[in-house]
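Contents: one structure, followed by commentary.
Naming follows writing order (A, B, C and D), and every chain is counted from residue 1.
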Amino acid sequence: MQRIGVFVCHCGSNIAATVDVKRVVETVKKEQGVVHAEDYPYMCSEAGQALIAAAIKEKNLGGIVVCSCSPRMHEATFRKAAERAGLNPYMVEIANIREHCSWIHKDMEEATEKAVILARAAIAKVHLNSHLQPGESLVTKRALVIGGGIAGIQTALDIAEAGYEVDIVEKTPSIGGRMSQLDKTFPTLDCSACILTPKMVDAAAHEKINLYTYSEVESVSGFVGNFSVDIRKKARFVDMNKCTGCGLCQEKCPSKKAKSEFNRGLNTRSAIYTPFAQAIPNVPVIDTESCVKMKTGKCGLCEKVCQAGAIDYSQKDEIITEKYGAIVVATGFDTINLDQYGEYAYNESPDVITSLELERVMNAAGPTKGHLERLSDGKAPKEIVFIQCVGSRCDDHRGKPYCSKICCMYTAKHAMLIRDKYPDVNVTVFYIDVRTPGKNFDEFYRRAVEEYGVNYIKGQVGKVVPQPDGSLLVQGSDLLDGKQIKMRADMVVLATAIEPEAGVRKIATMLTASIDTNNFLTEAHPKLRPVESPTAGVFLSGVCQGPKDIPETVSQAGAAAVKVIGLLAKDKLLTNPCTAESDTLLCNGCSVCQNVCPYGAIGYEDKEVNDHGIRETRRVAVVNSALCQGCGACTVACPSGAMDLKGFSNRQILAEVDAICR
Amino acid sequence: MPVEKEFRPKIVAFCCNWCSYAGADLAGSSRLGYPADVKIIRVPCSCRVNPMFILRAFEKGADGVILCGCHPGDCHYSTGNYYARRRMTLLFSLLDYLGVEEGRTRVEWVSAAEGVKFSTVMNEFVDKIRSLGENVRLGDLRCKN
Amino acid sequence: MKYSYYPGCTLRTKAKELDTYARKSAEALGFTLEEVENWQCCGGVYPLGTDEVATKLSSVRALRDAKEKGQALVTLCSACHHVLKRVNDDMKNVPKVRDAANLYMGEEEPYMGETEVLHFLEVLRDKIGFEELAKKVVNPLTGKKIGAYYGCLLLRPGQILGFDDPENPTIIEDFIRAIGAEPVSYAMRNECCGGYISLRDGEKAQNMCDAIMENAAGFGAEMLLTACPLCMYNLNKSDKLPVYYFTELLAEALGVKEAE
Amino acid sequence: MSKHDAEMIREISGVNPLKCMKCGKCSATCPAYDEMDIKPHQFVSYVLRGDIEALADSKSLWKCLSCFACIERCPRNVEPAKLIDAARQAVIRQRGNEADLSPDEIPALLDEKTPQQLLVSAFRRYRR
């Protein structure tokens, strides 16, 4: 029987407005073993913690229960407070009477009654808690960044600047990501390549940064501080060390019909290619699906013209295994597929394009060399219609329920750039709401309207009808004027919703990092831990966590880097002491637990046992607590009941069940 | 005149620490209510839930037990929720056989981002248990005198 | 292969061609349309109200009848197709409607939406296959430029009808290709013809049909194909392009148009 | 027609008008827009406000073609055609067969090609 103290927090009015805290205190005083109970407005405050410490010392408490917010919030706080007062930190239990009680119930009677029951369950559990001691594990001082866009590059640069080794894994042949595809950036209209290329060069040149381009993460094992990652380096068929990047192979390659991924399929590229002129590394790859040599065995022109002898058709994929202390996900985004949005005629007319495609059209290195022209006939458009929220804010089976956040601003940018360069072109924007929170953002949008005469119409577009004369009939709402508008346009640009890059779910699964229904990675706390995944040692950078623009991405990238540096700066980490443990006397060595353990943490040893006076040697399970992550799968699988989990033992959980059902 | 007391079921919800417990926290911080009849027990993973815990709950007078874990493929420990799903399928059909209706037990996947789902599921589950009424008490014959 | 067949009111009278050519073609393609006995009119429009039950019973009877025969239920008219599929979906997925309808019908075994409802075009695409159909064409309509006219009822709501992509359908175009002609794609092929509004406001319907035909003709269509008697009626108010039922051209291509 | 009818219309239609984000996609799509006095997107606000009297007297009820284009394209699953149909039904149920179309009018409206389908669907729409 422990001497237990119960501490009930008001959390200002967050708890106290719905739960009668005084009554909770009075009621729990009657519980077995409770020798102290009190309430305080903010238990997590310094004064609150001092209160707890004082009680522990004065009343010689052996265990405490804090009735407060979620343990995910302040369990660590109260454990530290207990430790400072000389109590083992694992003798602390939290009864969650805020998130699971006061915030979801309105009736004070009901909420108070529930708070008491939750407190009782925690008291029943803490009676059975034991003095656990965390172990230690070493930290591998190297970080992995998955994704080589602006988010990944910035994170890697910041980590490397602190003196740690960083590897970037990028699945395409070059780093640069989506930002390299943009023409100009809002709200200052700087040229995207001009500000990105130096960063790419810095990353490539940094002695602490190692690039794995044209590579993908194959598998991940281990845990915070000790990840082991297999990286697949896809065969480039070009020797990175020999290639000088002269570009002759690309010029001479006879197969030039593959769609250029970089230009969003608007033009073609050769079978041996670098995605764009400033690509880093400036070493081409051979796309086996369009290479004549790969398909038929004949050709080999690139090999013949390569002065450096860098072409190697026999190259194979290579698997590299590397150890990391921390992993940053920076996988970025793509625009959604528009097949389901037939009403916008995107698949029918080449003159209906997405905004990202327009970026390529406006770019001097793009398919039209930067001239604004219709992709169907190359004519200069006179009337351009922009449609906002294509697939965003769609709570249906076709689109995404969220706001993609960047579209209002880039559409204003596009409209402004077009009006600036081609003053005779009329630009109309159909919008639902114009959302411009951000420094100098609304001013930017207003400039599009006031200085550049962009015509903003509040209302969605219902249908785009390609006309026999090649024009497009746009039928939309003008809600403010109360009209249905039918207007001719030469080009229609769709502000297409963005979504996390396709492979992110697979990566999240490998990392056991949680992911939401829209495939955005979940942060450990939406406000207070926005760049950490709930999985220790995994951090988030850029749009993989939620829609954001370039400055936000760069800030978050830096924040993620700081978290990584904080982790790598430690030599050792304390491990979770809530691991499995086998009772040698009960174990019959059947191997069932070993089979369900996802971490290979269970082994077998021949041990001498004394079973009721009979001494014999038995094969029994032994848990390696450094590997055990404490899931508890083995405890349920064990047929003889030998396996138990420290901190969540069978007796503890049963005691909670009993207390709740009492 | 005797007033018939409103039936307030006892419901135990086992929630895994990584997804469902966080989902319940999110339901709380988003103020998405569900009846106070639901009491949550935190476990590291849905696979930590021993069928014994559920039998014990019914033995002690619970009217419904729900187990929530991460979505398939999203388990923090990779495969725990698959074990839980298999174990529960077996247990629930046994319970049904013993006279504890299938509706009194449920497995649900709730992610850390699904506060809405957590609240919806709990509301539904409580409605279901209320419609089923009081549960039969499972007894442990070994303890009978 | 035998299918239960629900002709619907209009195919007996004003749209006989749609029906007779379909039957002839079916035989030529090796399947039989077995008319549902004592079928009753589907009502022409699907009642959207969630509390509508009585207006759905005639459809439920036909669906039941097909279930008892163990056959899929085939329709030709777009409206019948629309109503039957949606009522079937209610019987499958909407307990409120299903329970009330079954209670009303009073049959021992409740109907739970088991019958597969198919439009004749779906039979051609999913059961026969357009490639197979093309092989059976003896009289290909080579050189004819044909615009498919879908209208509303065949396609929408796409998730329930599951007929084709409601915004960018291709089934009739594929059919046109199979009978040897050249499909002409135009964006207004899924715009409304005016429907029943033409009873009160013929001019409005005609304006709508004019716009559709203009769009189709502009892209080079020489004629339009439809599956719906009401669309046919409305489209005929406009004289820009001739309109045919798809079954007529099918029978022609299969060489059974004149057969007795 | 009253507040109570607003509830009834919500119930018959199965539509939650609160889901509407006023994007105007329905009105952008509607082929009968010009004929309507109350536009498709406005139906939502009328139901929310409980102004059912105005809806009942609106000619829009009889102009909707039930082409389902707004249902297909509504990004929020509000589906105004369902609201319009529910209002139409409420009117027909309360005002009976005087609602809109009388059988006496019919013969004058027919020609020799009029398909049965047209009559059947018009009757279903205009009266019950």
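In this text, a residue touches a chain if its C-beta (ideal position, glycine included) is under 8 Å from a C-beta of that chain, and two chains touch if they have at least 3 such contacts.
No experiment lies behind these values; they were computed from the predicted model shown.
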item	value
A-B against A-C, pair bridged by the larger set of C-beta contacts	A-B
Whole-Å gap separating chain A and chain B, where each centre is the average of the chain's CA atoms	30
Chain B and chain C, separation of their C-alpha mean positions in angstrom	49
Euclidean distance of C-alpha centroids - chain B vs chain D, Å	45
Junction residues of chain A - those touching two or more other chains	343, 463
Chain C: positions in contact with at least two other chains	166-167
Contacts with two or more other chains, residues of chain D listed in rising order	69
Those chain pairs that satisfy the touch definition	A-B, A-C, A-D, C-D
Contact set on chain C toward chain A in their complex	159, 165-168, 185-188, 215, 217-220
Chain A residues touching chain B - in the complex, by the definition given at the top	70-72, 96, 98-101, 103-107, 110-111, 113-114, 117-118, 121, 505, 508-509, 512, 514-517, 522, 534-535, 578, 596, 598, 629-633, 635-637, 645, 648, 650, 653-654, 656-658, 660-662
Complex contacts: residues of chain A adjacent to chain C	339-343, 345, 347-348, 397, 463-469
Chain A-facing residues of chain B, complex	10, 12, 17-19, 21-22, 24-25, 27-29, 31-34, 36, 39-45, 47-53, 56-57, 60-62, 70, 73-80, 83, 87, 111-114, 119
Residue numbers on chain A that touch chain D, as the complex places them	343, 389, 393-396, 398-399, 432, 458-463, 475-477, 479, 482, 484
